[in-house]
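One chain, subunit A, appears in both complexes that follow, with subunit B as partner in the first and subunit C in the second.
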Partner chain A sequence: MGIKHWAYRYQAGGIALLVLLGGCSAEIESVREEAPVPEDIERVARDPGRQGDIFTGTSAGTPATFNPLVAEDATSTEAIARLLDGLTRFDPVKEEVVPGLAKSWDVSEDSKTFTFHLRRGVRWSDGEPFTADDVVFTFKAIYDERYPNRKQMEFRAGGEPFEVEKIDDHTVRFTTAEIFAPFLLYIGTEILPRHKLIDAFADGTLMRQWTISTASRTPEQIVGTGPFRIRSFRPAQRMIYEPNPHYWRADREDARLPYVDFFIERFVQDQNASMVAFASGQSDHQGITPDQAGWIRRNAERHDYTVHDRGPSTSTSFIWFNQNPGTNENGTPFVEPHKLEWFTNQTFRQAVSYGIDRQGLIDGVIFGRGEPLWSSVSPANTQWYNPDVRTYPYDPEKALALLEEVGFRKENGRLYDEHGNRVTFSLITNEDNRLRANMATVFMENMKDLGIEVRLRLIDFSNFVNRISESFNYEAGLLGFTGGRDPHGGTSIYSSGGRLHVWHPNQPEPATEWEARIDELMQKQLRTLDEEERREYFNEVQSIMSEQLPLIYLITPNIHEGLRNRWRNIDPPDMGTLIWNLDEIWAEQRLLP
Partner chain B sequence: MERPLGLAVLILLGCFYLVALFADFISPYTPPDQSLQKTYHPPTALFWENGRLHVQRYELADPDDMVYRKIEGEGAPVRFFARGHDYRLMGLIPTDRHLFLVDEPDRIYLLGSDETGRDNFSRLLYGARISLSIGLVGIAIIMVFGFLAGGLAGYFGGIWDNLTMRFIELVMAVPGLYLLLVLRGTFPDELSPGQTFFLIVIILSFLAWGGTARIIRGMTLSLRNRQFVMAAEVLGQSPLKIVGKHILPNVFSYLVVAASLSIPAFILGEAALSFLGLGIQEPSASWGLMLSQAQDMKVFMLNFWWLLLPGAAIFVTVIAFNVLGDVFRDIVDPKQKFLNR
Partner chain C sequence: MKTVIARRLIALIPMLLGITFMATMLMHLAPGDFLDQVRMQRDADPEYIERLEREFGLDNPWYVQYFLWLKNVVPWDLRSDFGYSFHYKVDVWELLGQRLPATILLSVTSLAFAWVIAIPLGVLAAIYKDSIFDRISSILAYAALSIPEFFLALLALFFAARTGLFPLGGFTSTEFEFMSPVRRFFDVAHHLILPTIVVGIGSIASIMRIMRANFIDNIRSEYVTTARAKGVPEGIVMFRHVFRNAINPLITAAGFAFSSIVSGALMVEIVMNYPGIGHMIFHAILQQDQFVVLGALVMSSTMLILGNLLADIALAWNDPRIRYD
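Take a look at the complex of A and B:
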């Protein structure tokens, strides 16, 4: 079911297209609007391209909302990022924060006050001017107690919200209570249009704005400063974006970005369907799991695309033991005392790590397309990855030797501790992730070689989360995180008081010396804007984690991305997607004449 | 012997059950036994050399697509009745003899290997234990309860009939899938995946006996007004004896047919539940679970056809049971019997 280009004709000012979407026979006709170029437009450095053509993608999920305060899932946040921009942007190629809606900023001597100079002449996609009032409004909405959202807690320095102050229509000043290292990265959050949302904000219905029904009935209500606006949205079918005529970026010849006339995203049932659509030439771009890359590559010539090996992904996977010494309301310990003794033993954890055949897992299960993981930061995150952490290559003999050192002994293929208890534990993980289930069964077999009996329980995700964060009724778990860029994003994992400090969460006081040291380092790295210094602190955090092994890291699969060869201005970053600059890419070879 | 088709499927099913019973003897490996160097291995070829059966040796020719190539002339001898992993034959006799084995590091994959290099053949045999016994456990519960409740309600009638039927309606109104979803979360970790699954089947059967009970009740209602039942009553036989001796034999033919026709429903049900993640779990094996793991584009695109064999096994078994049920019906058509009497 492809997209057929039915007819085309020229009109004054732009191209009009009649596009027949296979099956749903929705004809769309567009005249590309061009608004006057604003005073402070950003002219991109890349070579100018040609406007026109359509970029098609498929997605296995449908956005759940277009409200940035509500969005939690990746599909929704990706869609919102195409519609709304922030004061700053992150350039993944340069790996630095670059100007967004703010053309420049000044930092005060004490690194706590930031003054942003907004671009003049920028307009929202409905033509209303963008001013400092929008910025002030956005932060008022984020911090409003009536609207609980994820950013409310994230955007705090030393527990205090950022102070936002309008100096004039094009100047905003932010003050943080303490130095907040990732401030410029975080301040790139989407700015909301005050003129559209102020009424909803006042009457308490802000969270109910910009739902998927808004997008399907009145897409023009969702206005933004981003490269695209919604042309039409049909849940579970497809979504069509068109260029925002007031977008604040243009090329050297003053042609408005984005170059493409349409960005169409088709919603399909699952990732399998999505990859089949790409392999049969029905879409322009596709993220590909490592085990599927081989066969998708076979069609590359016929449909003129390339499967790019993008190196290790940022996602991590790890096994951990429940080290929570507490008891439940009946006074029963979460973990039986003799098991807690093993789990809190550093040598035991190191022996387990030596016993895991990570390379075998990579070669066998994901066709050699992956990397073993030794730290919380994947090698993909070149900015923060510490290559000198302690590694645990597969060595079952060394593992056994380590175990014997601390009193364990193996008899008749079974491992016993010094009190004669058989070493056995159950491992829980969620059932809907195939790769994770494979990692778990490989781990089971590896542990069997050490004489440890592991019982695997696959449970549904909400039950899993409940057991690891509420009832603490488990012995070992297997989980993964999608890695963020900045170390501060991992605070709740590293800090002993954190919610995601899964092996022993929400500690009032750090239970061990090394946890106290990590707490200290995480505070230190946050209190300086000097990246070199931050890296030093964070490298030590990674070293301690790899030495103490509260989380035994497993592997990270390589990311593959398929992209049609006709697209230009592709500039692959070390980390993140190939098409991060969707507004700058253009098609050399037209599907349309 | 007048029905060769019936005999054929009976022999086929008999073989299946026999193989399932001796799964640990016949299969060379245990279901969780992995070999990460030999994942997605195609079925190994066998050849005859120096008077011994050999298993062909392969090398990984293309790790990108997991393509294996034969190493010409190289093989490992297959050893019959060799010593392998320990098990208890039929759950009783401890032994370590297996029908056939090859020496490590070579492996014999009669039906290929899966994504972690586990032997598909062994998993299929062990899976048969679960997939084939599920139906028997299920119908045993359904038939016993259906017969008792339906038969007694039909015979006594009146208030008992009314109470039983209302109770059955109550039970039938419980939505099975949702009940399972809730129950799955409450099972303790100590239960093995097999135990959990049998528990699920037992619960499902307790919810499903209502339909059978109703049919039996209807048949009993019509039977109890027949002369031979009345005669027995006049002669002063106890109700239990009447139900057992006069009514049961008349509905028995129905039971046999219904049972053989509802076993496939349980086998398919197991497949469906495992497919949804509610049934048997890793690292145990069942046909439904194995099939759900083959639900992946690369299985088709890279031609790992052997991973679809559990589907063929389900297909054959279900057809066989249906044919068997039809044959039984031909033999003991209850309607015919009533008319001839």
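Take a look at the complex of A and C:
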């Protein structure tokens, strides 16, 4: 953590860093390859900008792979998204699916068949034409038994893979066995170049293609339809992207996007180092954690950037009780029976929730830069968030009154249940997450006021995962999930049979009525393409979750993002990064001549 | 000599077997495995996780995993396969090889830096024992020895930021890709200066102290008195006789230094953002990317043995009294 202290020192002392790019970027020469613009290209509605210049970012991790079938981590998927595009795209400002490599699509009467019309004249970054064969190939690769990948299970409706059929070179038809609500969103998956990968696909080595070695030795082998292609990649140092000369988007004046000549991503060791680089004027864009936003903002004028408060993040944090009634192989129950009785009592959970000072958590843990969380969906996800769920404002007296209602009593500052057992439980969370450890400490103090003794145990991540998903040897836990956009992504949490239904996972049959109702609602929302109808079902899921409180939601930090003021065409969405439309943004003041 | 080399190399085999076996066992004793991160993702399907377990062989008991690995490593068909990284899906040697050059470069320059500074200083301190020069150099040496490496690295970065004379960490400039080969060479050299000093300065002190102590021991020995009595000039006594005797322990020390080439500079790599191998191995251990860990172990143990072997050969060359028969 040395770098962080140093960072703090150094900025407090107000020492100006060398602006690396400002210093010697004259050496960078742009040779932009131009290709003729086909008729079927997308012309963006935004005002035209000027081509040229460099966008520099820093990243706290190096991509692990450039193969979309292999990628598991965010750094890799972000890099891949710059190189490869799909049939559809999601526009986070409009909050709807918009055309991508397919310029339009028809949906059949029964909502199960989708016919996509591909753009004509689109080429891969190496100049080969893009056709329906590439689409068919991609799905063949995804579903191939030899290549276990995440999408293989995800892209199934009612357990059946999507059927893919080539109608002609520019038309593809997909059929799903049942109605699959997030189909159009999911179908935006990266399309792979058949001409580059067919041999590897045939000889069984597809998963070993497009590794970091490929990117550093032969970057031209990684071809895509996305805005960029790789110019050079040096592991643990930097990656330079250059515009894909055959990209399928242009502005009104037929200037090819992206506007920037280079996108450079520097890899640093951790997020602190990355924030220091931004605050000293070495990069154009940076995600900023709430605890660092203060001092980074103070440098804004000197390096001509702005720190934007982007509102609540999509990540959640919650405390939950182990409600698993099972026993381990020795016949010992996972949770002591009298404790299980508390944990499965809805009023007990609600009382605990009233007893949590969420504003205190926000002030103490993230310097007031956050929001209390009442629902399983963060308010950042405006598309799906239900603002009308039940809330539990801090009220220790009400909490005690509720506890007394169900037989608990407080004596000499200690809480006892109706059988005379002292109310005490242990809380586990992973030690490497500082934010969680701090939240757990505040929670412990809050519970002390109710007379509940909480013993905090910080354990290693693997041990934590093992306890909550295999041995079930714990009483309460504190965890968080990063939110996805579509409700379907949360199925493993909401459905009673789910793996991350943490309070009582993998149930063969729903244990309670309300869990059965959630199962039913999750099925229903999946079986219609009507977004309004889905929202209705999903709102009810959120209401039940907040009423029953299997997960007691805590807080969500506000996202801050820093961006240099020289960039134009910035259009901030409610959820997600400021620079989601990297291909459309252009620089007003130039670093390069 | 040949038998010595052969014997050492043969001794490598049981040692590597033991080390890798222990390492696999220890990794198994630690809770969890590589897939823990995947297990905590909300959209990872249970069937997908099972398939990955099978693909990585994590569904086998650890000793079976070890023997499967061993079976692939032993070159039955003249091809030795050390497995691939779960995280990167890249062959282990290729992955280690990507980062190795930067690490070796830094180790070599810092070792050279340390020797070039430390040996003359040690010799001078011994010849002018108890003089003001000797005192100052020992104070400085102890001071250098007691500053932790990461702190020194921070000071170096601070210096670079303050003066602008040196780049702020890293191995090459952003403009590197656009440079001519000559400019590239100077760019790397420019980036190497501070890390070299930071890594080297700690060993200067110890090398210098060893050199000084040995030199003093040898100055007092009888053959020096004899040589002086015969009227051999002082310079020849010191450099042809004393120096060659005094440097023996340092040659052995250099052999050990060879093995730390791989693991030596983890803190400096982190603080100065140096793209070396230490950081990658550190992450592989945390993530339980087991074949990378095993590969790195095989590499550093082999280097330790080879380093000692080279040191012994150099000793024999330097000191005709040493014979391996």
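Assume the second predicted complex is superposed on the first by the 563 of 593 C-alpha atoms of A that agree within 3 Å, B and C clash if a C-alpha of one lies under 4 Å from a C-alpha of the other, contacts with A are read in each partner's own complex, and residues count from 1 in each chain.
Simple rule for what comes next: a contact is a pair of C-beta atoms (placed from the backbone, for glycine too) under 8 Å apart; a residue touches a chain by one contact, two chains touch by 3 or more.
Keep in mind that what you see is a predicted model, and the values were worked out from it rather than measured.
Shared-chain residue A:64: touches subunit C; no touch with subunit B. After superposition on the shared chain, subunit A has more residues touched by C, the comparison being subunit B against subunit C. In the superposition on chain A, A:167 makes contact with neither subunit B nor subunit C. Once chain A of one complex is fitted onto chain A of the other, the partner contacts of A:266 are limited to subunit C, with no touch recorded for subunit B. Look at A:107: by the touch rule set out above, it reaches neither subunit B nor subunit C.
Looking at the shared chain after the overlay, A:426 reaches subunit B, while subunit C stays out of its contact range. Contacts of A:463 after superposition: both subunit B and subunit C are touched. By the touch criterion defined above, A:360 reaches subunit B but does not reach subunit C. On subunit A, the surface touched by subunit B in one complex and the surface touched by subunit C in the other have residues 460, 463 in common. On the subunit A side of its complex with subunit C, the touching residues are 2-3, 6, 10, 15, 17-18, 20-21, 24-25, 27-29, 56, 64-65, 67, 70, 72-73, 148-150, 152-154, 207-208, 211-213, 216, 231-232, 234-238, 240, 264, 266, 268-269, 273, 460-463, 465-466, 469, 481, 484, 489-490, 492-493, 499-500.
Across the complex, subunit B is touched by residues 272, 275-276, 291-295, 297-298, 357, 360-361, 363-365, 367-368, 426, 428, 431-432, 434, 437-438, 440-442, 444-445, 455-460, 463, 474 of subunit A. Contact residues of subunit B toward subunit A in the complex are 32-34, 36-39, 63-66, 115-117, 184-185, 189, 192, 277, 281-283, 293, 296-298, 301-302. On the subunit C side of its complex with subunit A, the touching residues are 30-33, 36-48, 51-52, 54-55, 84, 87-90, 94-95, 98-99, 150-151, 154, 157-158, 161-162, 164, 167-168, 170-175, 177-179, 270-271, 273, 275, 279-280, 288.
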